[in-house]
Every structure is written in structure tokens, then in C-alpha cells.
Amino acid sequence: MIIEMVIAGIAVIGLFAALGLVLVIMERRVAAWIQIRLGPNRVGPKGMLQSLADTVKLLVKEGMTPNGADKFLFNFAPFIAMMVAMLLMAPIAFAKDFQLWDMNIGVLYITAISSIMVISILMAGWASNNKYSLMGAMRSGAQIVSYELSAGLSILTIVVFTGSLNITDIITAQADGWWIFKGHIPVIISFVIFIIAVTAETNRAPFDLAEAESELTAGFHTEYSGMKFALFFLAEYINVFIVCAIGATLFLGGWMPFHIGHWEAFNQVMDYIPSSIWFFGKTFFLIFVIMWFRWTFPRLRIDQLLNLEWKYLLPISMFNLLLATAMAILGWHF
Amino acid sequence: MFEEIGTNTEGDLIINVGPQHPATHGVLHLVLTLNGETIKKVEPHLGYIHRSIEKMCESLTYRQFIYVTSRMDYLSAHINNHACAISVEKGMQLEVPERAQVIRVIMDELTRIASHELWWGAMAMDIGAFTPFFHAFREREKINEIMEETCGARLTMNYYVPGGLMADLHPDFQKKVKEFIILFKKKIDEYDELVTGNIIFINRMKGVGLLSKEDAVSFGVTGPAGRGSGVSNDIRKLYPYAVYDKVQFEEILETGCDSLARYMVRIREMKQSILIIEQLIDNIPEGDFQAKTKAVLKLPKGEFYTRVETARGELGVYIVSEGGTTPYRIKFRSPGFSNLSALDKMARGSKLGDLVAMMGTLDLVIPDIDR
Amino acid sequence: MFIVKYIKEVLSAIRSLLVGMRRTGYYFTHHKEIITEQYPDNRNTLVMADRFKGEVVLTHDENNEHACTGCTACELACPNATIKIVTKFDITPEGKKKKAIDKFVYHLELCTMCNLCIVACPTDAIKMAQTFEHSVYDRSELTKILNKPDSKIRAGIE
């Protein structure tokens, strides 16, 4: 039992490191191509080892703590960010029958844990004793708390249709077609809302107000350097991965292969592709969409950000949930 | 003198934006008084990049001092040089050949487009979109290549001399400019797709940074920033110099008075500049590119004032001469300085994020403000 | 109707965002439009414009002769005291003294590439070279003597 847990722990940490490296290089490549540049091309073949070199550089860099900072909270905040990201890994099904913890309240667990993320940002911003950091942290607090609502409500739509909070059940329910392709309007609306809300929750552009480079220099992590900064950086990317994994699980069928009606031959070919490839493919597609957002859109202002949530997303998603519930009660779904 | 740290007696947050800050595009230092996210006061502190260009010019001859002025507003280097060249020519009553004048206007307009390109990218970066910056540089690079070929430099060209130009046009110049015009007309629609039409962008700009027509006049806000408030102040139209009175173009006026209006003025101005270049590029008259001048230039005793329209607004060059080979006193009226003074008026009551957008629409070039 | 207006507003907003994403998506998939210069890699094929102002050089022909008479017109034209000309007196075969340059000192660290010296030169002895990789480890290396050792003034240049 203990050995099993140790192995799981090591596997998660290894996955973390690998994901961080892959996502950073992916982001840089996507940004470069959109911006008609080549991107990193110096370290390793086609620059693929660039993020490894950056990690080594950050590891050997001195981690400074400012004089006026609250030392304990300042040093503790990055670890909370990492802990939250690690905890969120637990219920995700990476492949068929491959899950760290198949609990019966998986979706609830994810929504509950992901709201802890804001604590680390608030803690970092407050402890830094820097006005830019403080403003970034306060913005982030307002932002994450409000966008939790519509993210949660859009997840609920799927829960209503499947009637279960269990991740495995939700995936099994999509065996005959992914939710997004089943043609239910509430699901499509909630998918769009989910993507917008999680982009905001993970503090990614166009909702990167907590960092807001041109306004707050670097927002809540202005004072962080070296490995402590790297942990925040890593946590951001892991969070993006996790929310995209959840999105892929709920709306795109997790590790379920793509099937079309009664095309037996086609379906068999699809089944032949390993389930883990399906899962990672879908997740990375969603990650790409979120990166695409980042390199296309300008940033919102703080009051517009809250307007968008409270005046547009929340009413729409509440109405959407109502519609979904009515459909579920009347049995209009399949 | 100033309260620069902590909070003031009313409990407002005082925050220093700059001198090192991603949004100030240089070493501008703004002391903001904030109530939460809302701005109560903006105090610009200047002088971080003061190089006393006016004093330097007093020890340089009339041929030499022109190159220094490229370093003021380095994005419209040609236009600065033009202003100085005109004021020396005015003092000496030199007749500049038609060919030189036409080439000067083409170069000025190319500079204006290049400057507005850079502004467009930097402005989009200020409000959080990174990609337009690189896309703007793609077109700007073409202009830089044209400049490099004819003038020998990409940013501080020093191509104008009193009496004309330093060298004749490169043989490929006309061909390359025509290619650029075709390319630019295709790409400017992409700008609208990428930024201008974007709903987030419009909401960030509309109704933000209001500067009424009266305020614009009283603060001396010139250039696209002033025209966004509906003030007709285009020197090219009002007091034409070189061959601006012989070309057809429209003075862009917007009446929105907000950041979006100032943005639209610049976008439309780029199209007008293309129009001017199109009229002139096939009609460059033959002849000398430089008037015959003596080896040593002397201005008669007196005072000479010239104003031109740079990419940022009205640049005035005021030369006081005692009759010698060097000016007795030079004063530059730089557009950035007056435009910056209106920032406090515009920013009060808006959010911190909007301040960055406003600074973007004022198109501040810090060496131009400090000189 | 309020609801219709609201929905129209939302749809047009989403449309404007999709237009922008289509544009960036186009560039993501069209790598041929990449315009960045691969500088240190393309060093061998890099051609600078022939008028590019990189540094001032004194042109020498194959006989190690230049055209500089030491008139100091360039020194006077320079706004930054970049050029310093040290002259000496040569004895001509006829036994007359003749002014010639001893050292043409050029301070690259002070030069702003304004081209005024080139324009001022009456004999076209100096010109702008297209080199631009000027970085050195010590600033004293930037002070250059442009006339080559044992070089002479070309015959017939006054």
C-alpha cells in the first residue's frame, strides 16, 4: 500500500515536470508561429530542450526574499500553488482504467479543490509587501471567486445529463458519442462558457489581470525569483493542463475514442488507437485553444471582467442549466 | 516635494509607475494616487533621459546640428530633420530644388507610416495583445529597408541637409515604395481584423480618457491626439511646407474625444499618407537634389521659427541667430511634452488599466519629451 | 426587444473574436510568412545595403596609396570630434616641403554615422563601410588609425 502510494507520488511529480517542460515549449512555439517568428531554435534539436535549459537556469538562480516581506507566507505561497495542482491530478482518468483515485464525487472534488488556488495567489501578493503584487492578488481574488460560479454551473450541465459526479461514469456515458457531438444545445453553450471561465480561472490572457504585464509589471509574482517563481510558473501550466483535461473528460469524452454511428470499420480503427493518446490529444487540443486565445486577444479591464461574468456568463449559464434540467427531467436527451 | 511612497494622508495608495516599467516605453516616471483601482491623480516626473539637446545645438554649426535632432523623436527622425532644415533655409533664404522637396515629403510620409506602425503594435501590447506588435514590425521593416537603401541607416538617417538632401535617391527607391504600397494596402485590413474590430479592444477604448476640444486646445495637445478631440491642427494643411500644398489629402478629424477616436485618427492617417506617397512617387521631378550652398553656412541676425507636423504632433524649431556660424539659442517645441501634460486631466477617475491605454493613444516617445 | 438585442450583442461580440482568431490561426498555419532574420546563421549570405553607414574607412588602392591630403575638412565637419588628423611634412623630390597625413585617427565609439565627413571630403578619400559587427572587449580598440602603415598619397591629388 505504502509502496503503491510512493510510486504514485513519484509518477505524479514526474508527470508534473514533464508537462511543465512540454507546455512551456508548446506555448513558446505557438506564440512564435502566430507572431510570424520561429521561436526557440538554439538548445537541442529545433530548440526542443529550451525549457529544460531554462529550468536549470531557474534552479541555480538565487531565490530572493525581499526585506519587508512576510517571510513564512512568502516562501509558503508557491508550495500551496503546487499542492493544489497536485491534488487536482487525483481524479483525472488519463487512460482507460488508469486513474489515481476513482472517487464517486470526482467533479465536486475538482471544483472544490481548484478554488483553493486563489489562496496561494492572495498569499503571494500580500506577503510580497509590494503594491503591484497586492493589486494583482486582489484582482485575482475577485476574478477567481466570480468565475468559479460559471465554471461550476457549466460543469453541472453535464452532471445533470449523466446523473453522476463520478468521472468514470461520465466517460462511460459518452461511449456512444461525446457530449459535444450529441447535439444538445445546452451542452454546447456550457462548453463555450466552460472554456471562457477556466481561461479566467487559470489567469490566462485575455483574463491575465493578476499578472497584467503592462499594468502591474508582473502582478502577484513581481517579487519572486528563481525556483519560487518557477513553481508559480509551473503551477500555472499544470492548472491549464488540468482544466483542459477536465474539459476533455466532461465534453469530449475523456479517453473515449471517436466513433461515428454504425461505421464498424472506422470505429474499429479508432478503437485501435490507445486510450491515453485520445485523452492527451483532446487535452492538448483544448490547451492549444487556450493558448490561441492568449496570443490573439487584448486584456480586459477589471470592471469589464466582472461585468462579463455577472451580466453575461452567469445569467446565460443559469438559464442554460435550467434548460438542461428541464431536458433531463423530460427525458429529451440521449 | 512629492509624496512618493506608502499612502498619503487621505489613505490613498501612491504607486510609482516607472522609470522602469513595461508600459512607459522608456524612462517616464508617473506617480499615481490611487483609490483602489481608480486613479485620483497622475504626476509625470521628467528628466531621466534629458540630454540637453538644445544646449548641444548651440555649439554645433548649422550643418551639424541637424543630426542631433534625429535623437529627439527617433521615430520621426526625418520629420525632425526636415523642421531644422526648413528653418535654416528660411534664415538663409535658400531656394530648395523641387526634386528635393518632393523626396522630402515622400520620406516624411514613409516615416509617419513607420511611426504609426510602431505605435499600433506598442499600443496593442499596452492593452495586452502581443501579436500585433510583431505584425506591425513586418510592414515597418519594409520601410526600414527602403530607408536603409537610400539614406544608409534605419532609424537616425540624417538624410536632409540645409538646401536639399545628402544624396540622390537609390535607383530602386520608386520600385520598392510601390511594392510597399501594394503590400501595405493588403495588410492594413488585417489590422482591423486583429485589433480594431475586436470587441474587447473597443470596450477598452470607447469612452475612456476623455479630452474635450477645449481642454485639448488649452493643454496644447497637437497631432493625432488633438485631432481625436476634433481640433483641426494639421500643420501640413494649415501652414503647408515643402510640397504639401500641391498634394491632395484629407485632414483626419474624429469627434469622439476618447481613446478610440485617437486610435482611429492614426489608423486613418496611415491611409492618407499612402495617398500622398501615391500621388508623388511617379512625379518626382528631375533636377538637382541639393541647392548650391557655401561651405560655411551663416544665418543673418534674427529669429526664425518653423513648425512641421511630426507623427506625434506639432514640432516647432525656434532659432535665434547672432549672425554667426552657430545658433545663439535653439528651442524645440516638442509635441510629446504638451501631449503628456494632458494625461492627468484625461486619467482622473478612470481605472489603472485605462491609464496604460491612454498613454498608448498619446503615443509618447520619452526622448522627445525630455530632449 | 431587450432579449433580441442582448443575444445579438453577444453573437456579434463572439463573431468579432472569431475573426481575430481566424487571422492568428492563418499565421499559425502559414510558416512561409515568417520574416525574422536568422542573423548569426545567415552571416555568410547577409548583404547590407550599399549605402549602409557602418564605419568610416580610408580607401587604399593596390599600391597602398590613398587620396587624403590632410586638409582636415572632415575633422571640421564632424559634430562629435570623432576624427583627428595628425599631419607631417614630407620632402618632395624637388626639395619642397609638402603637407601629408601622419595619422588619420578615427574614434568609432564617438561616431554617430551622420555622413557629414564623407560629404565634406574634397578628394573622396574616405567612405562609409558596410561593416556593423563593432563589438570589442575594450573601448580603446575602437580608436582606429585609418591610414595603413607606409601608405602614401596618390600622385596628382592636391
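Labels for the chains are A, B and C, by order of writing; each one numbers its residues from 1.
In this section, a contact is a pair of C-beta atoms (placed from the backbone, for glycine too) under 8 Å apart; a residue touches a chain by one contact, two chains touch by 3 or more.
None of these values were measured; they are calculated from a predicted model.
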- Note on the structure: The pair out of A-B and A-C sharing more C-beta contacts is A-B
- Task: Find the most central chain, measuring centrality by the gap between its CA centroid and the centroid of all protein CA atoms shown.
- Result: B
- Task: Let me have the rounded angstrom distance from the C-alpha centre of chain B over to the C-alpha centre of chain C, please.
- Result: 25
- Message: On a C-alpha centroid basis, what's the spacing between chain A and chain B, in Å?
- Response: 43
- Give, as an integer number of Å, the spacing between the C-alpha centres of chain C and chain A. 50
- Item | Numbers and ranges of chain B residues touching at least 2 other chains | 131, 135, 138, 194-195, 198, 200
- Query: What residues in chain C touch two or more of the other chains?
  - Reply: 17, 20, 23-24, 27, 35
- Touching two or more other chains, which residues of chain A qualify? 34-37, 295-297
- Show which residues of chain A lie in contact with chain B when the two form their complex. 31, 34-37, 131-132, 135, 139, 205-206, 208-209, 212-217, 295-304
- Write out the stretch or stretches of chain B touching chain A in their complex. 13, 15, 21-23, 37, 124-131, 133-135, 138, 194-195, 198, 200-201, 203-204, 351-356
- chain A contacts chain C in the complex at 30, 33-38, 292-293, 295-297, 312, 316
- Note on the structure: Residue set of chain C touching chain A in the complex reads 10, 17, 20-21, 23-25, 27-28, 31, 33-36, 38
- Query: Which chain B residues qualify as touching chain C in the complex?
  - Reply: 60, 63-65, 67-68, 131, 135, 138, 141, 145, 148-153, 156, 158, 161, 166-167, 170, 190, 193-195, 197-200
